[in-house]
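Let me begin by presenting the structure, written as structure tokens, before commenting on it.
Each chain carries a letter (A, B, C and D) given by its place in the written order, and its residues are counted from 1.
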Amino acid sequence: VTEPLCVHDYELLARERLDPGCWAYYAGGSGDEWTLRENRAAFARWVLRPRVLVDVGEVSTATTVLGQPLSLPLVVAPVAYLRMAHPEGEVELARAAAAAGTIYTLSTMATATPAEVAGAVPGANRWFQLYVFKDEGLTRSVVEQAREAGYSALVLTVDTPRLGNREGQVRAGFNVQFGVPALGAIADAKLAPQDHFRELVAGATTWRDLEWIAELAQMPVIPKGIMTAEDALLAVEHGAAAVAVSNHGGRQLDGVAGALDALPEVVEAVAGRVEVLVDGGVRRGIDIVKALALGARAVLAGRAPVWGLAAGGSEGAARVLELLRAETELALALVGAASPDEVVRAHVGRT
Amino acid sequence: VTEPLCVHDYELLARERLDPGCWAYYAGGSGDEWTLRENRAAFARWVLRPRVLVDVGEVSTATTVLGQPLSLPLVVAPVAYLRMAHPEGEVELARAAAAAGTIYTLSTMATATPAEVAGAVPGANRWFQLYVFKDEGLTRSVVEQAREAGYSALVLTVDTPRLGNREGQVRAGFNVQFGVPALGAIADAKLAPQDHFRELVAGATTWRDLEWIAELAQMPVIPKGIMTAEDALLAVEHGAAAVAVSNHGGRQLDGVAGALDALPEVVEAVAGRVEVLVDGGVRRGIDIVKALALGARAVLAGRAPVWGLAAGGSEGAARVLELLRAETELALALVGAASPDEVVRAHVGRT
Amino acid sequence: VTEPLCVHDYELLARERLDPGCWAYYAGGSGDEWTLRENRAAFARWVLRPRVLVDVGEVSTATTVLGQPLSLPLVVAPVAYLRMAHPEGEVELARAAAAAGTIYTLSTMATATPAEVAGAVPGANRWFQLYVFKDEGLTRSVVEQAREAGYSALVLTVDTPRLGNREGQVRAGFNVQFGVPALGAIADAKLAPQDHFRELVAGATTWRDLEWIAELAQMPVIPKGIMTAEDALLAVEHGAAAVAVSNHGGRQLDGVAGALDALPEVVEAVAGRVEVLVDGGVRRGIDIVKALALGARAVLAGRAPVWGLAAGGSEGAARVLELLRAETELALALVGAASPDEVVRAHVGRT
Amino acid sequence: VTEPLCVHDYELLARERLDPGCWAYYAGGSGDEWTLRENRAAFARWVLRPRVLVDVGEVSTATTVLGQPLSLPLVVAPVAYLRMAHPEGEVELARAAAAAGTIYTLSTMATATPAEVAGAVPGANRWFQLYVFKDEGLTRSVVEQAREAGYSALVLTVDTPRLGNREGQVRAGFNVQFGVPALGAIADAKLAPQDHFRELVAGATTWRDLEWIAELAQMPVIPKGIMTAEDALLAVEHGAAAVAVSNHGGRQLDGVAGALDALPEVVEAVAGRVEVLVDGGVRRGIDIVKALALGARAVLAGRAPVWGLAAGGSEGAARVLELLRAETELALALVGAASPDEVVRAHVGRT
């Protein structure tokens, strides 16, 4: 038995340490989990085209998203209820992201408030993920908490007018044991996540809402959950600062394409007007380089750092991020790019 | 062990409860069962393209077929010999369809007469499936029974000039223990289904027969078993009210494409002149939405409600239909369509 | 346990009854047996497009090849050393073919002479398969035996300048226990088949040889083993009466396409000037109908009747042929063709 | 149990005889070993198109590379640390190559010096593989050793600015037990191969280095590790004598295409100006013929002869080479080519 060498190893450790319900929550998808599997399968449909005898004596994985510096082209994606994975949950994962030199995205459905996370990891750059609620006051309250705590971008989840049918959670008897303090009184209710959503989330949210939310938030807004060129164009028209191609990790609508397969049409549609992120199935540095080559500015990764968090707290999560950074550095070197900016479309082809 | 969460769960329950011969009859296909598997595989070749930030605060699955209202875009397909699945067979399934707000299609080879089913579930909308017999008088008798009992459409099975070679039934020692009362004297014969067919069914039926049958039936006729653009055009020419794309659930000619893969060419051929239904492999709400996106007005589903019937009678079948309705509603919401009518071709793409 | 219902069942019976070496000889292919598997896989790449409401009240599977009548579009392919499968080997299989109303092709490497087979089944139509030997006199002797015994076509194997590397035979310890009486003195040598070939077969045979052989044989010559349009054209130019698309059942060059996948280019190249046969992987009536739709006049089938022979002698082989005829009849009916001549290219499409 | 019949058999023997760490070193790839598997899978995407009735009475597998004669279109690829596989390692494998009439390529990371190998197998033709070191003096020293020992071509590995992440080696606890005498003082250090590389290899090597190395070496230089048309063109421009398409046997960047799939674009780009070699996944004579048909002059094979070396020393390796030669001869005969020069692009097609 060696120490964990890659994200897959951390996934196995997390599976051992989490109770089956929590594992089902984090690892599972919706319906028949076809899209969950497609997220991984999509990466295997694209091959890297390595260029050789390029000077890669010095390789840096550092880049920026929205002008904000990152040590690698990866932002920690929002994941809910992290106290299930670790007693200090979101705070611990935010520490890891800061230690790794990248951005942590706090979920609306976090078990710590935006202020708590900000206070625990001062000086770090952070994003905040937003669900829009039926109760506009509640939405405003949450956005204001994020703004006041100095979050630097708003990741607006747009693929969840309702929660996907995550049957694996039901079969595993999953129940959230934690409240959501950012939601105030709701925090005490300890509702199952389905119940939170049925009661709270606004299915009627539209592109117009993006505009008042952006104005209220006074920070860049990144709609997350775009899977089509059509919606990418609408996002640009409605003032999105970037778009995140995502199928919610296979947790919302099953039967949707793997995220990487949707990336090219989105990149083509936005035509450089905004940055594009992508989310779903990232487990290796080569996945990140494929995403860069297809036009992503960076990836979002949720499960990978959570496996590290579950396996070893902040240190485990930071090690996962460092593994991914080192793998990305190696992949850049071997593909013949001294930095993310040197990765171009010709670095990938179809199988 | 949780309660059944999806159609797959009901399938497992049905397998437990049915004797192996009946299971083989309902679940099996013909030959090497390649087409049976293709019916499912075809759905995985098409991906949903979800549109986001559409107002799906209110979603309705209701639609119409031939102008007749349905609570979801699904008609219960004809299945023979339902007393094998439940003591009250066809009547019980008709009750479930009515309770679910959709249409039940009674098979010619039913173990209850058209009148019995009509009498047991008054006020409900029903279709009748017809096999054309060598004995024209027998065909006329059956059509008249359906007409007099108030059935509102005739589903004319066109893919069964002979019965497919369903070897699984032979291997399982399957024998029908019930007669077919609609056929009168034949009802007592208790022939195996192959024998019913060899003796009764007219292999020489042609498109011209569709015309006198329609006139006799005085109701819309829907040829079921169309797998090509050529036949779709002939159906329209010969006065079909709608066409049903179907390979008879993989039970007739093995080696035929999955039904969903044949749908686009049929939809293109009929070019909106008649409605198109599709049948084969529907197990999930996302399957229904894919079919709608490819141009189907609704799907026909046989095995799914029969699994519910076998597992829990009328209540079980109604629960299967409600599960499929709820899944369809969720899929519509997540694809960004507030109703079946809002689903368009761009909601699907190829894998 | 039911009686055998299809060719697969006979294959299982044959496997039980043959000793492992003989099984390896008949069932195996060359190299990694990729082409052996592709022969079956190729059939699954083509789907039948059934036409409905065609008058198929009467369906006949009868056809002709080279103007010679057949009860079904299938000729029994040449297979060597049939006494390994049954004490009366070739004679017994010839009886089955005659009983089934089709043509038996006797192999050069048979364990009975052309005259013995002809004498045992008088009145039946027979073809003879020829390998060209280094010793021209030996070739002439064999052809003359076939001519004098009244064989009506010469199937000239063109894909065997050397024997394929059939490692499975070596691993199974296979050794032929029978001589080849048509070869005269050689018959006593009881060489392993590899040795027969190494010593006897002419690797230097070319298209010019086809001409003197045809003249000597005074019967139509059908080159068997054509896998390209280029060779199909050469065959026509050099006077072939028909061509047989074949990869020798996956026993010669591994890595070659499945035979059915090579059929379309050959059919296109010959453009109706000669008939086209195809050989490899036929196990079902639907396989035969797919081959017809792609332009074959008939299929050659070797292993399928040999499984019948091994399982039940002449009767078993005849039953396999009748099963295939009945399946073909059913497939014709369900595809909407009352005879092989009514099958057209539009009856198949790609998966 | 028969004697080994093919390379797969030798692979199994080698696996038995090598300790798990050495096995992991030779057999494994990097990352998830996707590219390792693709190297084999790529061969199955191309099918041979055999031509028949070509005179193949005499078939020769002999060819030339860079004008140097070879008994078959296969050069033994460089493999490091061969004393792990056999006490006499490189010398023993060089003997096998000479006995088989082909060229042995000695690795820079060999456990014998260029002079030792040359002295032990006098009169044989040999190539030398070069890694470029940070320390230019070390590079010069190694090149000079090769030049002075009469090596006839320099295989310049261009895909290894850093070593791939070969996790399988770490999991197996692999550690090199041998030094690299060509590197002089370093030879004593017995560093793990990763450490050799981290400390020694120049990630900053560029195309310009190819020029001074060629001048110093005074022999033809073959960049190995080209996977794109772009780099193939640069290689030609910078004076490469040939190019070797290779992904380093799946040991460098995982996620890269199978080598055979990259061959066509390289062949098209160089347009006959230099010869093209290909490396990765060769296990059968048909693989070699497919590579020839796609435009390779010859293949490089590393693992196959090493399995022979591990299983039976020089004799085992020579037998592997002879097996591949005999399989190539058979494949040439069956594809209708009397020599490698007669193989053309039309001898392969896509599956």
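The working rule: contacts are C-beta pairs under 8 Å (C-beta built on N, C-alpha and C of every residue); 3 or more make two chains touch, one makes a residue touch a chain.
A quick note: this is a predicted structure, and the numbers were derived from the prediction, not measured.
**Q** Give me the superposition rotation angle from chain B to chain C, based on Cα atoms, as a multiple of 5 degrees.
**A** The C-alpha superposition of chain B onto chain C needs 90 degrees.
**Q** Cα centroid separation between chain B and chain C, in whole Å?
**A** From the centre of chain B to the centre of chain C is 42 Å.
**Q** Express in whole angstrom the distance between the two chain centres, defined as the mean CA positions of chain A and chain D.
**A** 42
**Q** Centre to centre, by mean C-alpha position, how many angstrom separate chain B and chain D?
**A** About 59 Å, centre to centre.
**Q** Got the chain C residues that touch at least 2 other chains?
**A** Not one residue of chain C touches more than one other chain, so the list is empty.
**Q** Using the definition of touching given at the top, classify the network of chains in this structure as line, ring, star, complete or other.
**A** ring
**Q** If you look only at chain D, which of its residues touch chain A in the complex?
**A** 31-32, 34, 38, 158-159, 161-162, 164-165, 167, 170-171, 173, 202-207, 209-210, 223, 225-228, 230-231, 234, 247, 252-257, 261
**Q** For a test of understanding, state which residues of chain A touch chain D in their complex under the given definition.
**A** 2, 5-6, 8, 43-44, 47-59, 284, 286, 289-290, 327, 330-331, 333-335, 346, 349, 351
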